[in-house]
Every structure is written in structure tokens, then in C-alpha cells.
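In the two assemblies presented below, subunit A is common to both, partnered first by subunit B and then by subunit C.
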Partner chain A sequence: MAKYILKRLALMVLLVIGMSFLVFASLYFAQGDPAEIAAGPSASVEEVEAMRHFLGLDQPFFVQYGNYLWNMLHGDLGTSLLSRQPIVNELAVRIPNTINLAVAAMLLACIVGIPLGMIAALKKDSILDNALTTISLAGISVPNFWFGTMLILLFCVRLHIFPTGGMTSFFWTAKGFREAVLPATALGLQVAAGFMRIGRSSMLDVLQSDYIRTARSKGLKERVVVVVHALRNGLIPIVTQMGTSFGGLLGGAIVTEQVFAINGIGTYLINAINQRNYTAVQGSVLLIATMFIVVNLIVDILYCVIDPRISYD
Partner chain B sequence: MKRENQIAVAFRKLLKNKLATFCFILLILELILVIGAPLFTKFDPLAQDIIHHSAPGFWAKSSPKYMEGHWLGTDELGRDVWARLLYGGRVSLSVGFISTFFGIIIGTFFGVLAGFYKKLDMLISRFMDILFTFPGVLLALLIVAMLGVDTKNAAIAISIWSIPSFARMIRGRVLQIKEEEYIMAIRSIGAKDKTIILKHVLINALPTIIVIATMRIASSIMSIATLSYLGLGVPTPTPEWGSMISTGKQMIFDAPWLIIIPGIAVCITVICFNILGDKLRDILDPSLKD
Partner chain C sequence: MEEGKVLEIKNLHASFSIQKKDYEVLHDISFDVKRNETVCVVGESGCGKSVTTLCVMQLLPNNGKINSGSIILDGEDLTKMDKKEIVKVRGKKMGMIFQEPMTALNPLLTIGFQLRESLMLHRGVDKKKANEMAVEYLQKVGIANPESRLKQYPFQLSGGLRQRVLIAMVLSAQPSLLIADEPTTALDVTIQKQVLTLLNDLKKDMNAGIMFITHDLGVVAEIADRIVVLYAGRKVEEGTTEQIFRNPKHPYTIGLMNAVPNVDADEYEFAPIQGTFPNITEDIKGCRFNPRCTKCIGKCFEEAPETIEVEPGHLVACHLITKED
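So, the complex of A and B:
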């Protein structure tokens, strides 16, 4: 087990390096000159060149990447071309908002999606099953930015129940909860629908297996069969899916933050792209992707704990 | 010859399913409307008429702002919503189709190479792993940041975004096909790799490709709408469903239909492609279910 985790950690480091190279290279070859952007629109040619030298942009590509990687390992993602603040600081202010949103959405998706998927499997081919399956298909087909806007239209503009946007407190506080309901629903819908579909099909597989037949023939109550015997194995595919889903949530959060005016990493990234603030784009893309890689690693390890049958090779 | 029949059989089976047939007809109708847009509206989607802005449509005929002829109303600049919906559909659907097409070509190319040649597999699969570290729209955003905001660049971004998932699924399918006895038989009579790949592996992977492509069109249409909503896809004033929702959001209090109508268009299109994909998968390649 320890060997497996070490191996996964090594792979994670390689992935982060590969990903950071891709991010660095793609923005290195981007249109527009970072030195010009940093120097401002009224700068003279000499000032732009001085800025280029100051930012180290006159050095060869691999030297620049090497420096970037070295600084990254020390927790330094460079300074924003526009505000001249360290990007790490600017991101640190916003990370809690994004994680707050993503975790709230994930919890909601688990609470709603998993039980509904299980129920659909237990009532296979009933009207309820068909209704739930149709809803889940619709759920994965609705764009989250539109769904979010519809929620605002209904619950804020018409019914005045929830605030239209902003998310400044954690979702487990009373104020934060009120703020989190709509964004988390908008963001969590697709994941909940995904969990429902996977939960239903994995539960159906498990319910047909031999050991469930044995449990039933022993005369166990149906509830015991389902809760004690089937659930644990039925959940395994969902756990595998959780890593990818959390990534989807981080990606989706970029969009949801725009809908609900939440000051998270997504909003920072979109602004940075619009302002051609390349160092900020680099930093935020790198941060989101690294978070995704780490979450996947955690899920992989969890997966081994839940399912001891998995081999570590 | 036999393979053509298999696809035709699958199509006939598909049309036996009522829901799938309904979606298929709906999509055909939508395509006719969108391609023949000038036949179905007399308005120019860009023509502004500020005096008659945000007029409601058929649902509020008694309203003093209602304008005869604009059956879906007008937007914040007095442009006809129905015309923008039709012309906007051209952009959304063509970006969806084109980016899926290029995604398939490139993804299949790498998927087949990785599945067929063990030596290349390591290289290609690790590269795809790196592309997979960008969750959701992030990869597309990075590419748009690199290339600049433009419809063409958004299409490129969405194509590249769909490459890794195509490549991975096709690779999996090719690995299965490669192990089958008839491939070994063909190889033993001295067939070249090129022949085996083009004539046998690719053709056998075709059902899988069709299924993934159908579903991918759905997500590509959603992606272009998302990018445009973020202001990083189709530039204004070109109509596109996502950017219509984005500009409509400013009018959420006075003219909510500006958000509702284009959103319904996206949803219907995406749901139909997803349902078709689901049914096609059940018929052509049930192994893709998870």
C-alpha cells in the first residue's frame, strides 16, 4: 500500500511538471507581448524593453521555464502584470470562495444524486425509475450557466427568497447557507445527474450478483440486504467518479462564479484572460489543474481503502 | 459491404424507439430552420430598432409594447429574437459539428496509434493524461487565452478539448479489437499494418466512434455556448445562443424571455443529441455504458 501511494505521488509530480510545461509553453507562444502589457499603453519602446529585461522575458524559453518551475516549487507564481501584486496572494484571497462553492455543490450532488440513483435501481422499470432516469438525462443536458440564471430569475427576481449573488461566508454558516443554495444547486446539478446514472447502473449490477442472491435466500430482510450488503459495493463506481466529478465542479465553478458574481479563482481567471494578464492566467490555470490532480490522488487512495480487492500494481 | 448494413440496421433499430425518433425529427427540423434561416424570418439578426427594444412576443399580445411580426419579441437593442435564434443556431450548430469532426479525426488518429503500437502508447497516453489534468472548460479557456477571442479560435479550443477523451476511448476499443482472432489471422497471411488498421481496426471501431461523436456534439454545442456566455467565444454582435443569454442577463428584470428562449434552444438540442447518443450506444456498443 505504501509503495502504491509513493508511486502515485511520483506520478503526480510528473503530471504537475508536464501540465505546468504545457501551460507555460502555450502562454509563451500567445499573441500579444506581456512586456508591453506590463509597461502600460503609454510606455516608450525603451521602457518596454526595460520592462522585458526586468521580467526576465529576454531570456531563452527554457531558462524562463526553469526559473518559473523553480519559483513555483517555492510557492511563487510570479507577479500580476497589471496589479504588480504576487499572484499567490491574489489567488489565496479567492481560493476559499471557489472551494466553498465546489464543496457545497459536491455535498448537494451526493445527498441528492446517490440516493435517487439507488432508489431508481431498486424500483427498476417502474414509473418512478423512468421519471428519475429522464430527469437525470435532462440534468446532464442543461448548461449550468443557464440553469443558474433561471434559478436567479425564479428565486431572486420573482420570489425574492435568496440573494442574487455573492458568496462571502462559508456554506455551513446561516448567512453562507442562504448564499450557497442557488450557486451550489446550479453547479451541482450535472454532477448529481451523473451520480444518479452511475449509481443506478452499478446498483443494478450488484443486485444481480450471486452474493446478494445468497443473502436473500438466507432470509435476510430486503432492507438489510440493500443497506448492509449491496450499498458498499454499489458505491465503488461513484467513488471512482468523484475525482473526475470534482474536477468538473472546479471547471464548472469558473462559469458559475460568473453567473452569481462570486469572487473566486474562476472570476480571476476570466478577468485575466480578458486583460491579457498572462502571468495571472498561468497561475490560476496551474492552481486549478493542480487541485484537480491532488483530488484525484486522494480519491485513488480512498478507492483502495473502500475496495480492498484492488491490486496495487 | 456488410458493415454498411450494420450501421443501417442500427439506424432502423433506432427509429423503432419512439423517443429517439422524436429527437431525430426534432433535430432535422431544427437543422432545416437554421440552414434555411432567411426563408423563415424576414428580419436581419443584426438590424437594431432602439425605439422598439425589449418588446414581448406572442405571450403578451395585449401589452402596448407588443410589435406585430416579432412573434418572439425583440431584444435590448430592438433586434428580432426569432431571427437571432435562427442565425445564432447556425453558429452554435456549425461550431458544434466542426469541432467534433476535428476532435474525432485527431483523437481517433492518436487513439488508434496508441492502441495499435505499444511503443507509441506510453508517449501518447501520458500526453493525454496531461491534457486530462485540465478539468472542464479550463483547457478550452487556456487555448482561447493563447489564441485570442474569436469564433474560429473557440472552435479550435473545443476540438482540442475533445481530443483526449476520444483518444482514450478509441484506444480502449482498438486494444480489444487487436486481440481478436481474425486480426491475428489477417496478420498471419502477411497483411501490412496499414491495411489492418484502415480496413479492419478502424471499420470495427466505427460503431464506437459514431456513439462517442453523437454525444460529443452535444457537449461541443454546450461548450461553445459556455465560452460565448463568458465572453470568450463568438464575439458580439454575431448572434450565438450563449452570448444571447449573456447579454439577456442584463434585462433579467424587464425581459426575462431574452434568457429563457435561447436557453431552451440549447437545452433541446443538447438533450436530443444525448438521447440519440444513449440509444445508439445501447444498440451499437453497450460496453461503453460506464
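So, the complex of A and C:
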């Protein structure tokens, strides 16, 4: 197990370096001139050239990338072309909000989606099952920015139950909870619906499997059969799906942060793109990609814990 | 209830609903299993062997149901019990070994956990004692290093070992009826032999009845005391191993015997059975075997034959056979 995790960690470092190359290269070859942006709209040609030299942008591609990588490995993602602040500092302020939102949405999706999927499977073909299946289908199809806007209209504008936006505390505090409910719901809906569907179908498979029949033939009560023998097996496909779902959540968070006026990585990235703030775009994309990789590592470890067959070889 | 009978199946009818229509899968099945006796249920694939065992275990899939008849285990009619009562009998008084050992154990739980679970439930022992007993039972079914096996997961065991674990699990509850549904089909020949020997030995010191499902007549010859031959959900013949092998009456049974080269069958003129086995959705008038039978008479196409006793304990359902034969 420890060996497996070490192997995965090493792989992760390589992945992040590979990512950094892709991100750097794609922005290097993108249209536009960072030196112009950094020098400001009223700068003369000489000033822009001076800025280009100052930023090291007149050096060959691989030298630039080498510097970038070297700095990155030392925890430096460069400075923002506009605010002149270190990117790392700007991201550090915003990342807690994004993680807070994504984790709240993930938790919500797990707490709501998994049990409902399992219940639907246990009550297969009942009215409840049909209702839940319909809801999950709708949930998957609804775009989260639309759903978020509807939530705001209903719960904030009409009913005044929740704040319309902003995020100032973590969701496990009373204040943070009120702030997180709507954005987490908007963001987590699709994932919850996905978990519900996977959970239902995997649980149905499991309940028909040979080992469940063995468990029943032993004379175990149905409750024990479900809780001890079926649940964990039914969870495996959901856990496998979690990493990818989290990626979806991070993507969705970019939009959701806009809808709920949350000052997170998503908002930062959108602004950076609008302002052609190249270094900021680089830094935030890299951060999002790294988060995705880290989450997948966590998921794989979780998978290991649940299924003894994985860590064996 | 007669002395010594563990299981009595009487006039059992069962059906499956397929696309909202009911199709009969078992028609009027009756036979008994006594203590210390191995009854082999034989027949081609799809004839209803597994369904019979699932009726007894009350584990039919959702679309299956028992329509009438009774299944009496140790004097109690299982068909009259509700779910709660069944759960108390299942595993405790009747245990089942399934066809496919590779998938019959829970992949996420250790062998030890799965064995202890049974012991704690049926023998009323605590975890520590259950562990000791699990070791004993693994030894009994011939597994070396039982202590270390307990900590392993099913994927670390071969098919033969898993089947032994399953046998140990069933035995540990000390059931009066052991049902084995083709327990050796998925195993290679040498392991098959070992498992059969094991079951034979265990029967002796268990004082239980065994209902053994197979379509392998070689296996039947080795372990059966009595044989029940099923064809398309009907019992066509029943008798002691001696009666069925020496003096098979039903054309289907004779065909089965001829399909096996190693049985001394030269005296019968029947070739291996022609034609294909009917699906349960097919409606065949008269004797269900008539499309494949080479000896049909007019009656065979009109009415189903009654079961008659041709000699004590030897039952046949065929129009060609009359009591005088």
C-alpha cells in the first residue's frame, strides 16, 4: 500500500510537470502579446520592447519554459502582468473559496446522490424508484448556471432565505453553511444525479450477484445482506467515478462562482482571460489541473482501502 | 412424515413470468431426500434443476414463483412460511453450495469473516470461538494453513479452494439438508474428484441428506444413492442408482445413458438424443419429450403420461411403460 502510494506520488509530480509544459506552450503560441499588456495601453514601442526584455520574453521558448519550470518548482508562478503581485499570493487568497465550494458540492452529491441511488435499487420498479430515476435524469440534463440562477431567484429574491452570493467562511461554520447551500446545490446537482444513476445500477448488479445469493443462502437477514455484503461492493463504481466527477465540479465551479459572485479561482481565471493576463491564466489553469490530479490520487487511495484486490499487486 | 426423511417435495409447480406472461418451469415435481442419502437430480441444461434447488431454498429470482405444492423440510412446510421464518431455516437447516465458486464469495470480505458470520449466526458462538471453529472446518475440508487462509480474500484462492471454503461454510451450520448445484462443474477434473470424495466423506459423519444437481452421469455413478431424472420441468424417472443405471425405462433416460460412453450401454439400441431441448416458453401437447422421442405412439401427442411405479422405488412417466413391464 505505502509503495503504491509512493509510486502514485512520483507519477503525480511528473504529471504536474507535463501539465505545466502544455499550459506554458499553449499560452506561448496563443495570440496576443503579454509584453504589450504588461506595459499598458499607452506605452510606446520602445517601452513595450523594454518590458519584453524585462520579462524575459525575448528569450528562446525553451529558456523561457526552463525558467518558468525552475521557478514553479520553487513555488513561484511569476507575477501578475497587471497587479504586479506574485500569482501565488493572488491564488492563495482565492483557493480556499474554490475548495470550500467544490468540497461542499461533492459532499452534498455524496450525501444525497448515493443513498437515493441505493434506495432506488432496493425498491426497484416501485413508484419511488421511477420518481427518483426521473429526477436524476432531469438533474443530469439541467445546466448548473441556469439551475443556480433559478435557485437565487427563488430562495434569495423571493423567499429571502439565503444570501444571493459571496463566500466568506467555510461551509461547516453557521455563516459559511448559509452561504454555501445554494452554490453547492447548483454545482453538486449534476454530480448527485450521476451518483444516483451509477449507484442504482451498480447496486442492482450487486444484488443479483452470486455472492449476494450466497449471503442470503446463509440465512442472513436481508438488512445484513444489504449493509454488510452489498453496500461496499455497490460503492466501488461510484468511487471510481469520483475523480472524474471532481474534475467536472472544478469546471462547473468556474461558472458557479460567477453566478454566485464568489471570489475563487474560477472568477480569477475568467478575469485573467478577459484581461489577457497571461501569467495569471497560466497559474490558475495549472492550479486547477494540479487539484484535479491530487483529487484523483486521493480517490485511488480510497479505492485501495475499499477494494483489497487493488493494493495487492 | 416418514421416518428419516429430511426433505419431501410434493407436487411442486413453479413458473417464471417473462414479459408479463407466466410460463411453467416445474410441473408436478415430487421426490424425497432421506438422512444419509445422496439424491442426484439429473437432466439437460435448462430442465429446471437449479430452479428446483432455488424453490427449496426459497431464493427464486423476483420473476419466479411457486404456484402450488409443498416443500417439507424436517417436517415443516417451507411454502407456508413467511419471509422471517424462512430466514431462520435457511442456512441453519438447509445449506447450499452453488455452481460457480469463483463468484460465490464476497470479494471484499475475508474468508475468515465470511466463515465466522455463519458460525456466529447458526452456532451462537462469539468471534473468538468462531475463529477457532473456522480453522477446524477448513481443516475438515482439507485446506492447509487454515489460520493464514482466514486472513485472505477470495481473489487469493483458486476455484477449488473457494469451493472448499463454501463447503466448509455450509457445513459449519450443521444443516440437515445439503444442496449442491453442480458444485464441481466449474472445476478441473482432478479437483472435481477431490471435492466429490470430500462430500462423500462428509455425508457419512454429518448424518444429513444431500441433494446433488449435475448433468454429469459419471459424477452420478460415483456418489448417488438415488436418481431423479428431469426433462423440461417434469420428473420422467426416479429410482435407485442401481435401478436407473441397470434398468433405465424412460426413452430420455436411456438416451442420457447412451450419451455417456463409459457406461456399459451397448445393449440399448438408442443413439444419443436427437433434437434440441425445448424452451420453457414452448407449448408442447402431450408428453414434453415427444418431439425428440423415437418411440412415440399416438397417445404421446395427446396426453401427458402418468407416473407409475414399475418396481419398488422405481418411478417412470412414459406411455410405453405399463405396470406389467
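In the analysis below, the second predicted complex is superposed on the first by the 308 of 313 C-alpha atoms of A that agree within 3 Å, B and C clash if a C-alpha of one lies under 4 Å from a C-alpha of the other, contacts with A are read in each partner's own complex, and residues count from 1 in each chain.
The rule is short, and it goes like this: a residue touches a chain if its C-beta (ideal position, glycine included) is under 8 Å from a C-beta of that chain, and two chains touch if they have at least 3 such contacts.
Model, not experiment: these values are computed from the prediction.
Novice: Specify the outcome, clash or fit, for subunit B and subunit C once both structures are aligned onto subunit A.
Specialist: Fit.
Novice: By residue count, which of the two partners contacts subunit A more extensively, subunit B or subunit C?
Specialist: The larger set of subunit A residues in touch belongs to B.
Novice: How many degrees apart are subunit B and subunit C as seen from subunit A, counting from C-alpha centres and rounding to the nearest 10?
Specialist: Once the structures are overlaid on A, subunit A sees subunit B and subunit C at 80 degrees.
Novice: Where does A:252 make contact in the superposed view: on subunit B (first), on subunit C (second), on both, or on neither?
Specialist: The first partner, subunit B, only.
Novice: Of the partners subunit B and subunit C, which touch A:306 in the superposed model: first, second, both, neither?
Specialist: After superposing on A, A:306 lies in contact with subunit C but is clear of subunit B.
Novice: In the superposed arrangement, does A:209 touch subunit B (first), subunit C (second), both or neither?
Specialist: second
Novice: Can A:161 be said to touch subunit B (first), subunit C (second), both, or neither?
Specialist: Touch status of A:161: no partner.
Novice: Just to be sure I read the superposition right, which of the two partners does A:6 touch: subunit B = first, subunit C = second, or both, or neither?
Specialist: After superposing on A, A:6 lies clear of both subunit B and subunit C.
Novice: Quick one: classify A:229 as touching subunit B (first), subunit C (second), both or neither.
Specialist: Once the two structures are laid over each other on A, A:229 reaches subunit C alone.
Novice: Look at the superposition and give the distance in whole angstrom between the closest pair of CA atoms, one from subunit B and one from subunit C.
Specialist: In this superposition, no C-alpha atom of subunit B lies closer than 15 Å to one of subunit C.
Novice: What residues on subunit A touch subunit C, complex-wise?
Specialist: Spelled out, the residues of subunit A in touch with subunit C are 208-211, 213-222, 228-229, 232-233, 306-309, 312.
Novice: Spell out the residues on subunit B that touch subunit A in their complex, using ranges where they run on.
Specialist: 126-127, 129-131, 133-138, 141-148, 218, 222, 225-226, 229-232, 242, 245, 249, 252-253, 256, 259-260, 263, 266-267, 270-271, 274-275, 278, 289-290
Novice: So in the complex, which bits of subunit C are touching subunit A?
Specialist: 57, 59, 61, 83, 87-92, 95-96, 98, 100, 103-109, 117-118, 121-122, 153, 155-156, 166, 169, 173
Novice: Quick check on the complex: what are the subunit A residues that touch subunit B?
Specialist: 15-16, 18-19, 22-23, 26-27, 29-32, 137-138, 140-143, 145-146, 149-150, 152-153, 157, 198, 201, 237, 246-252, 254-255, 258, 269-270, 272-274, 278, 281, 285, 288-289, 292-293
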